[in-house]
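All chains are identified by letter, namely A, B and C, in their written order; residue positions are counted from 1 within each chain.
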Amino acid sequence: QEHRIEISLETAPSHIRNIMVSEYAEVLEDASNGALEVVVYHAASKYAGSKVPIALAQGALDMGLPGTWHMGSILPEFNLPGLPLFYGRPREEQYAVWDGEIGQDMARRLEEKLGVKVIGRWIDLGYGQMFFVDDAVASHADLAGLKLRAPGGAANIARYESFGATAIAMGWGDVPQALQRGTVDGLLTTHEAVRSAKLWDSGLKHVFDDNQTFFQYVPMMSKQAWDELPEALQELVVDTWDASVDEYRIRAKNAQIEARDVNSQNGINRIEASPVAIEDMRSKLMEKQQALIADLGIDPVVVADSQRVLEK
Amino acid sequence: MKKRAGLGTVILAIENLLLTAMVLAALALISWDIVIRYFFPSKLADWTTEVIIYLVVSAMLLSGWSLVRANMHVRAELIVERFRPGVRHWIEVIIVSIGVLYCSAVAWYGKAMVQFAASLGINSASSLHFPVWVFYLSVPVSFALMASAYLIRLLNLLHMTHQGRHRSPRASAPSKDDAAKLRG
Amino acid sequence: MYGLLTIGSFMGMLAAGMPIFLSLGVLSLILIYSEGTPLIAYPQIFVDHLESDTLVAIPFFVLAATFMQRGGIAKALVECATVWIGSLRGGLALVCVAATTIFAAISGSSIATAMAMGTLLVPAMVERSYSRPFALGVVGASGTLGILIPPSLPMIVYAVIAEESIPRLFLAGVVPGLLQAALFSIWIIFFTWRKGYPSEERVNAPVFISTNLQALPALSLPVIILGGIYSGIVTVSESAGLAALVSIIVALFVYKGCTIRDLPEIVGHSVRTTASIIFIVMTAGAFAHWIVGSGVSDNLVDFVENSQLKAWQFLLFINILLLALGMFLEVFAVILITMPIVLPLLGPLGINPIHFAIVLMVNMEVALLTPPIGMNLYVLSTITSSRIADVIRGVGPFVVIMLILLLLVTFVPEISLFLPGYIFG
């Protein structure tokens, strides 16, 4: 093998992203006829997710797939997916923005700032939903007064404020006990994360599916690793990725649906928000958007462009 | 000698005050968080955990150099203590020189890391938008201080060699008195 | 060859008496440089490791213990325990095991547990003319319970990698943890009886009552902290802060063993004590970072996959491997390096991942006590200014007991699985 690409992932080997990336690594190795060796490190054994962008920028790591939410502190535009504008949007509308000119523009900005190479379209983790211990939340009104663990980020906190709920920050490791002991009433996460941590053992009983944020991963390489590859291999890396994205997305979606079923078999009762309720909530959330954009320093042009794409 | 001990005591007192201020501030933030979450959860701030980490971690990093001065960094002496004092002296000279080199290297690349983070303008994800390079700064500062403490020890060791005191049994164990001083 | 050279030069540096953080630091810097990583990433590995909300708990637990020691709280507790079971031989060592077991239910880290309990109990035992290595051994070995008795930080890391439920895992550690405490107690009773350790005189009723009353504020401390966690008012991460705060208040205003003027000196001392361990954890992290990419794990997979082991052979092999890795690597490093490889092999062999987690934890407890890299050895050496050789000698018999426990836990899965099965079905 002439070239070695090391990929670092934060999630466990059995996580859908790891399974997919391991497959990508294999396909890529085979297609390169032995010119490439691709190694995948799991479970943050090399880098935690939030540290991946910097490791790529410093050239310490060859390739990573950090979540969009991991880049918000580096490039304000990556807070976009958390904005009210995107609240509860169906997949097709999300793809129209992130696969289109706006996603490409964000990738360009990221490449310029970090000196990395974004190698293609983003793949999905899935929608974040709200899970609860005691409260069978059936509408957004039921959220008032609840204490919910949230991943950090101003957009998440602002959304909780609009719900009348309180965002509580705590490490993932503290979550099971915090749920058991009532330190928090619930949390925002994906069905798949609840399944993998078996959070029903910690007392989760209800979920309110309102598809409130869509989590995606951005595939990228460090400039050093990218520049070292001859043009033919660069093309292979990009083409192999692009050829797999559509199938990845379908499988990620199915993984969430399967997780949802496992969760309900384990007693998590699901209530789905109606499209009308989601629309109403979005217009209410939109009142805060202007302030959020200013606070986060997001380029208003990108927001306006996104709005145009979404309204089409 | 007397005068230097005096200066050391003053530095230590100042360092103690600084560390105490940082740690007590972190403690106050933890207590604040617990009280607020229980009584007024809607007033909860999203940046306290982050600031607690900054305070506690930099306090620990900054105390590294007094560990060097007092030779309090953990070490295994069970083999080296069987050697003759003269040999131990030269081993110590080598170790302390490596300390100077290693700590200088980490300080140097730490400075590069700080500049890199500052040039990217990375801020923390909380509503505080804290510039992370300020926190990163504690690494080069800590290691630069440790490098200078190792350098002073190196000069002292060489001074001993010059005076021919390095073969005396006491010379190779300079740590105990200093360590006692730090423990107060 | 390359590996032998690495291990050889590392052992050489340690033997020369080079500080452990410096040995690990120099080694990791050279290794990371030689694999072609730009060195700007080296200090970045440090800050990445340090920026964690779990690490913060350690200095606060140490602060709590130091104030308990200096502020008269520890004295009240020890005296109280003495009037209860002091008339037994080795009573104080038994008190130490019991107190450490309780403390382990607050702390998720063995380093924090050993630091806090060592600060309190080693001086007390040495004062009562226990041999220093024995006193160090009792605390060093009991301190490892921090990661076996819930809450436990390594269990959380394992749960996330293995996709297991944290509450189940936590419950699985309870019985093995109590078993470990019981085995230690049996050994202590035997050892102190054979050595003819002194026992305290029985006291009369008025003294008994007044000693207990005197200890009430001190006894309320664990009650407040455990109560805080189990009522949900504080998270496990915050409990260390609460412990420190309550200890400072009780020391200053109830027992008045120290004054506000003493504060800077005591806090400064606690921070430096913790820092001497954190510098090792930090450089050990950089070393582990290199190991992950070094291909050690690839060879491991090949071996395990090709050798067609039966379940019991596999468990035995993994235990030996983990014990060996545990000599040189820190607990989290061992888990991160081996688990992604080992976990997929459990299912086909019919090994329950919860059972395996406990095997792993007991193994990691041993790793904390085995030289050359054994964090609890360093902790005890630091906080009591003892020679590492004394600590190693002291923990020796306890390591043997823990290896027996390891065999029991490995080949009798029910010890781990009974309680979670009973509660969760």
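Everything that follows uses one rule, which is that a residue touches a chain if its C-beta (ideal position, glycine included) is under 8 Å from a C-beta of that chain, and two chains touch if they have at least 3 such contacts.
Each chain and its UniProt protein: B = TRAP transporter small permease protein; C = TRAP transporter large permease protein.
No experiment lies behind these values; they were computed from the predicted model shown.
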item: Graph class of chain-chain contacts, one of line, ring, star, complete, other; value: complete
item: Chain whose Cα centroid lies at the greatest distance from that of chain C; value: A
item: Of A-B and B-C, whichever chain pair has more C-beta contact pairs; value: B-C
item: Where chain A and chain C are represented by their mean Cα positions, the distance between them in whole Å; value: 35
item: Intercentroid distance (Cα basis), chain B paired with chain A, Å; value: 38
item: Centre-to-centre distance between chain C and chain B (centres being mean Cα positions), rounded to whole Å; value: 24
item: Multi-chain contact sites of chain A, meaning residues that touch two or more partners; value: 54, 58, 170, 183
item: Residue numbers of chain C (touch at least two other chains); value: 40, 44, 53, 233-234
item: In chain B, residues with contacts to at least two other chains; value: 49, 116
item: Chain A - residues contacting chain C, complex; value: 6, 12-14, 39, 41-48, 51, 54-55, 58-60, 170-174, 176-178, 180-183, 196-199, 201-202
item: Touching residues (chain side chain B, partner chain C) in the complex; value: 12-13, 15-17, 19-20, 23-24, 26-27, 30-31, 33-34, 38, 49, 52-53, 56-57, 59-61, 63-64, 66-67, 72-81, 88, 91-92, 94-95, 98-99, 102, 105-106, 109-110, 112-113, 116, 135-136, 139-140, 143, 179, 182-184
item: Complex contacts: residues of chain C adjacent to chain A; value: 37-38, 40-41, 44, 48, 53-54, 151, 153, 156-157, 159-168, 229-237, 289, 292-293, 336-337, 339-340, 343-344, 424
item: Chain B partner contacts - residues on chain A that touch it in the complex; value: 54, 57-58, 72-74, 113-114, 147, 152-154, 157, 166-170, 183, 295
item: Interfacial residue positions of chain B with respect to chain A in the complex; value: 37, 41-42, 44, 46, 49, 116-117, 120, 122-127, 132
